[in-house]
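Here come two complexes built around chain A, the first alongside chain B, the second alongside chain C.
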Partner chain A sequence: MLFDRSLIAACATAAIALALGACAQKDPYQAASAGLADGVLLPAYTQWTETDRRLAASARAFCAGNESLADARRVLRDAQLAWSGLQPMLVGPLGEGNRAWQVQFWPDKKNLVGRQVGNLLKANPDLTSADVEEGSVVVQGLTAYEYVLHDKTVDLSDAQVRARYCPLLIAIGDHQQKLSADILGQWEGDDGMASQLRTFPNARYADPNEAIADLLRVQVTALDALKKKLGTPLGRLSKGHPQPYQAEAWRSGASLPMIGAALAGAEALWQGGKESGLRSLVDDAHADLANRIDQAYASVRQTADSFDEPLAELVGTEEGRTRLAELYEQLDTLHRLHQNDLAQALGVQIGFNAHDGD
Partner chain B sequence: MKRRAFLGIGGVLAAASAFGGWTLTHRAGTGPLLLSARDGSDGRHYAVGYRLDGTQAFATPVTERCHDVYAHPALPLAVFVGRRPSRESYLVDTRDGTLLQTIDSPPDRHFYGHGIFDAGGEWFYTTENDTSEPGRGVLGVYRVDGRQLARAGEHSTHGVGPHQLLWMPDGETFVIANGGIRTEADSREKMNLDAMEPSLVLLKRDGTLVSKERLPEQMNSVRHLAVARDGTVVSGQQYEGNPLDKAPLLAIKRPGQAFQPFPLGEAQRQMMNQYTASLAIHDDLRLLAVTAPRGNRVFMWDLDTAELRLDAPLPDCAGVGAVDEGFVVSSGQGRCRLYDCRGERILASALELPAGLWDNHLRLA
Partner chain C sequence: MLRTPSWATASLLAVAISLAGCGEDKEQNTAEAPAPQAQAPAVQSATPAEPAPVAVSEEAASKVVNHYADLALAVFSDAHAAGVKLQEAVNAFLANPNDETLTAARQAWLAARVPYMQTEVFRFGNPVVDEWEGQLNAWPLDEGLIDYVAGDYQHGLGNPGATANIVANEQIQVGEDTIDVTEITGEKLASLNELAGSEANVATGYHAIEFLLWGQDLNGTGPGAGERPATDYVEGEGCTGGNCDRRRAYLKAVTDLLVDDLKVMVAEWQPNQDGNYRATLLAEPAENGLRKMLFGMGSLSLGELAGERMKVALEANSTEDEHDCFSDNTHNSHFYNAKGIRNVYLGQYQRIDGTTLEGPSLSSLVQAQNPEVDADLRADLETTEAKMQALVESADNGKAFDQLIAADNQEGQELVRAAIAALVEQTAAIEQAAGALGIDNLNPDTADHQF
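After this line comes the complex of A and B, so read on.
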């Protein structure tokens, strides 16, 4: 057969639906898609919204002198990790229209975050939330927030410095809270994203296969991005010269925990929540593949959990680089297993025009 | 888990449709033939033809991945043009998919993925790279000789890295998108991002330059085109500069007017991720359709008022072409869609065609 999964519109016509019998109820692809929406994606988006609500409150409390810097940094870390966990789940609204840039600006090759924060505060001594809302995405997200709380040039123990940066912290916290609430609203609405993963056809997906393909696509994209997030500071794009300041969230030392959180999100898509995940769609003939993917997640998780030092420090030593290279290889294995083997076993295409068009 | 319903039926119909006469491609009742490059799940490249009901007319394996395809105006022939930097294009019999000829580019030329027959069906033209002077745009001229194409000459495209070319309504004037990006033989690496020279060129059939116009943004590669019956030209851009820059990703040249940005809403521009792929115009409905695969989005506008008519998700959307009802759009990931644009609301439905693996462009013959 030339093209697998041709004419898969099993439920498209009444005659065919009758022939297969109530497939709308029993389609495992639909069950997996709906199960992931309700058991994994919605909880993850809800959790992200909750961490951003706390971030907005934390900015105010810190700036009012009611919260320590250490506590403010912990709240930021929660927001960073919740955001990272969503990386393999960027189907729908947050994956569209460059909205993700409003949450985090990476890669930042030219330290745009540092420079634009400085320029913004210089141009607006009495900074308002509107200045940030209408400004560049570079200063709207967690990377700018992290800059204020962690950059060595910002001494928040100095009351004047704190007064200068606090309007920005508060504006970013508010922006993140608004953005995440808006996105969650787009997930939960009657015709929202979660609904589009439950019932078919809809304005986005013609059938459950398209939904599963889209979920696998964003999962594969996230795994590929993790390789870049690790490979860039490791120097894989710069002839082996480590680039610690090209790491995601290097200022707060959150790079490796964020990779771990994204991996946990990817694994949740694979295993599923209470309901079935992508793993449930792998048939008996591919049982070996399912075991290999289980094993790949276990290995990469073990390695990712084994680091105590921040990524920026690890890339500075031979031993650190060797251990990170092992993590990279494990990420690469995991990425390939999803992109090639799992896509084939599930009989879905994850597209190519978006990556190598002309 | 595999669910491959009913391919067998399609296969039987496909076989039945493959033995008609020369006029089969336009015979009433069979509907238009969708032509496109597509990959197989076996990883090979194919030149394919399908009826919109899912009947496969042909799927011919080809060595090189193809990009655009152009049907002969009268005969059941189509050229599937090799994607850059391919040196091969393929002349296919659209009744049964017989590969009639592998067209080799001259030694110092490679194809850029686009080509067109003239209205008389006697000539075929392609955009090519002069690899002895990398990036210099060449319009390759081929004479149709029976069921073969023979190289007959070439003209300059008056630009760097030409991509799509189409006819103006007079059938004597080309409109050419010079993408402005210099690449070398056997390579897709962009060599001149700091010195790109994109342009929109009108050229007489004999190679005489009629006009050459530019957009202000030097890194805004003019790549794909659609031409309306009244001579309105729309171009789709791919912006190579800063992802945060606000570059005009669609531009328009109305009859007698200058080449200028199409009034694109900021929300839509953001959705495109600096990248447009295929364009089509529906002449009767005066609609423009554009795919943006990096944004996983399909758009439609009223061509005359620039009013937005559709902004819809379609993962890895690829080719687009006009049919009576509206537009057909393919996807590298999901199922092909038919957008019925005849009513006030545009209605989408999934076509019974194989899902995914469709390459950038499609044509309806």
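After this line comes the complex of A and C, so read on.
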């Protein structure tokens, strides 16, 4: 019964894609889903896990006095960028429960990170990993790690300060390493997430169309989030008043590089790795759409990579705001192309996402 | 678990099969999809044999949208009536500030929240409500803008108005600007909302009144709400907290403004009024109305209630992000938010006088298209209400929402998590219902945290 249905789905998709051709051809939706799993998603999750392994090691090395602050900050940056690259790929285990929030808490409207890190260390002078594991998501992730390495109130050149914050750094590094290894484990393996993107039906998807729909949905959600991540500090939601402290990763000045990394991830999903990506599913009748999306990626990524100054500085000048507004418009164009045109071309209902509402 | 909407796939299939045909599988097209209640999730979402939705008649849809407007009128009218009661109680409190009159004013505020929270499902999708509501229900706020706060008060980084304290100052300093607030009027207060662009600068609305009646809840995740003394409003000798005359003026002005604002929204939903919002809504194709109804339900359900109002507070163990944080009324606010979603789907609303308004519903439209989808959504709405009721009962038994979200309260967190899960589940069912009616493009808006 189950198998029969998937067969229908496969045939139906093929029928449309091949303009009423034979049903015997390989389903392009399945090819794209499997190709993305092996060529894009799995490598990205592996890369993220690797950066978190290095983060955990870096925390220990820095705290033992064997690594400079500059090096520790570089390792953090790698972890931030790997995490950002995953944003358009949050299908499956990392998108469920509160796991993504354990990696990063944003937006932080009321400086919860500053408050909660302070309270945590006050309540636990001899902080253990367990205290962080049982704590709130705010103290478990990259935002708190960044706070320790970059906040101007934390002077790590002072040995006492370093001794106070180091247990937290180490605990966060360990937590991230454990979390990412756990997620990667759920991707790999016989019944893992990658497998669920390769063969159908399975416990998650009845057919490849559902898998592609899921991939497109998280991609659209991520593009929507990028507008928010740029628009909030730019003051688009606050009568034009810039809000630099509402930016993602403002303390480390990583906001714009993180947007760039997320765009690279989104484009990888679109173009595909060695195999076909979402682009391969756009039929000839929509060739123009595919070209427009190619161009939208090219221009938005060029703009995103063109900034030398941090976002928080750019929002402080008229010229900076003008350039950022251009980036915003390009993000908006890209988002709309996916949410409306591409969704329609692929027959996907986008439905509600977490950004609906306030 | 996952219930990916399958209607798009389903209708594609129907088309493809009727055009191309796939041999012996063809009869699957007409086979009725069974109700796979307890089976694997993949089975549940695998309903490719559903027929493409038959178009809903314009007439039937119009009746549903019209009743939706009647429902809005009733619930906004109740919110206004309860606001007038609050105004009376505040006036009585100010005339004679003591514990008894303060308690009565607080009770009136709590009662006013019951209908208001049921209006919020009208907010998303109806711009007239969404653009209006900020002045009434903006949250969370940096309350130091309004009045005195405790020493460990935390506010948004870079908010220049966070400690302006309007009650204590005739001139407030906001960044480089000095603003004159000698006269405390509703208009003046409204102009201070989102001062300097910070959305935490909330000078008006229910939560400003809540802060003025309760004060800060300094108990963190422990039991107890705000404990502002009635003497904060005593004229002359006996005044506590300083500047009682200005605090009195503030409470009076902000309450009057709330009532005026509510009245404005009632007028927008009155029938047969040229140029009001209801007239505009009913002049549109009924499909637009249905889309707005579904969009309001889904947006409140997922992004706003499950996400912003519950999950942020839960996962960050943050009482700063609790909805009714001064009064510890959060459980009721959530309950009635969810109730509002159910009201719109069922076309039912129990008014504050106890009578029930009923009429043509989305549910009946969906049932005619696909009884299974309708039954699913109705069951999900009922489950959500039960999970919300559990939060209410917990609060009634002495464990309010802010205690449930404590980092070390696993049991409490589970209660909140279960309510969130029910909202997520019901949102998927709302998408299915939209699919059954042939409504695509559920026009997403924007919210803050990713789910």
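What we mean here is this: the second predicted complex is superposed on the first by the 327 of 358 C-alpha atoms of A that agree within 3 Å, B and C clash if a C-alpha of one lies under 4 Å from a C-alpha of the other, contacts with A are read in each partner's own complex, and residues count from 1 in each chain.
Following the convention adopted for this analysis, a contact is a pair of C-beta atoms (placed from the backbone, for glycine too) under 8 Å apart; a residue touches a chain by one contact, two chains touch by 3 or more.
Everything numeric here is computed off the predicted structure, so don't read it as measured data.
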| item | value |
| --- | --- |
| Chain B versus chain C as contact partner of A:135, first or second or both or neither | second |
| Touched partner set for A:153, first chain B, second chain C, both or neither | neither |
| Residue contacts with chain A in the superposition, chain B compared against chain C | C |
| Partner chain(s) touched by A:281 [first = chain B, second = chain C, both, neither] | first |
| Contacts of A:243 with chain B and chain C, given as first, second, both or neither | second |
| Touched partner set for A:202, first chain B, second chain C, both or neither | second |
| Partner chain(s) touched by A:227 [first = chain B, second = chain C, both, neither] | second |
| Contacts of A:115 with chain B and chain C, given as first, second, both or neither | second |
| Residues of chain A contacting chain B in one complex and chain C in the other | 2, 4-9, 12, 16, 20, 98, 101, 136-138, 201, 203-207, 209-210, 213-214, 347-354, 357-358 |
| Chain A - residues contacting chain B, complex | 1-10, 12, 16, 20, 28-29, 95-98, 101, 136-138, 201, 203-207, 209-210, 213-214, 217, 281-283, 344, 346-354, 357-358 |
| Complex contacts: residues of chain A adjacent to chain C | 2, 4-9, 11-13, 15-16, 20, 23, 90, 98, 100-101, 105-107, 109-112, 114-116, 134-138, 201-207, 209-210, 213-214, 221, 224-225, 227-228, 235, 237-246, 339-340, 347-358 |
| Contact footprint of chain A on chain C as seen in their complex | 2, 4-9, 12-13, 15-17, 19-20, 22-23, 25, 28, 40-43, 45-46, 48-49, 124, 140, 142, 154-158, 194, 196-200, 295, 298-305, 307-308, 311, 315-318, 320-321, 407-408, 427, 430-431, 434-435, 440-442, 444-451 |
| Residues of chain B that touch chain A when the two form their complex | 1-7, 10, 38-42, 46, 54, 59, 67, 83-84, 113, 163, 223, 238, 243-244, 267, 270-271, 273, 275, 277, 293-297, 312-313, 315-318, 331-335, 337, 348-350, 352-360 |
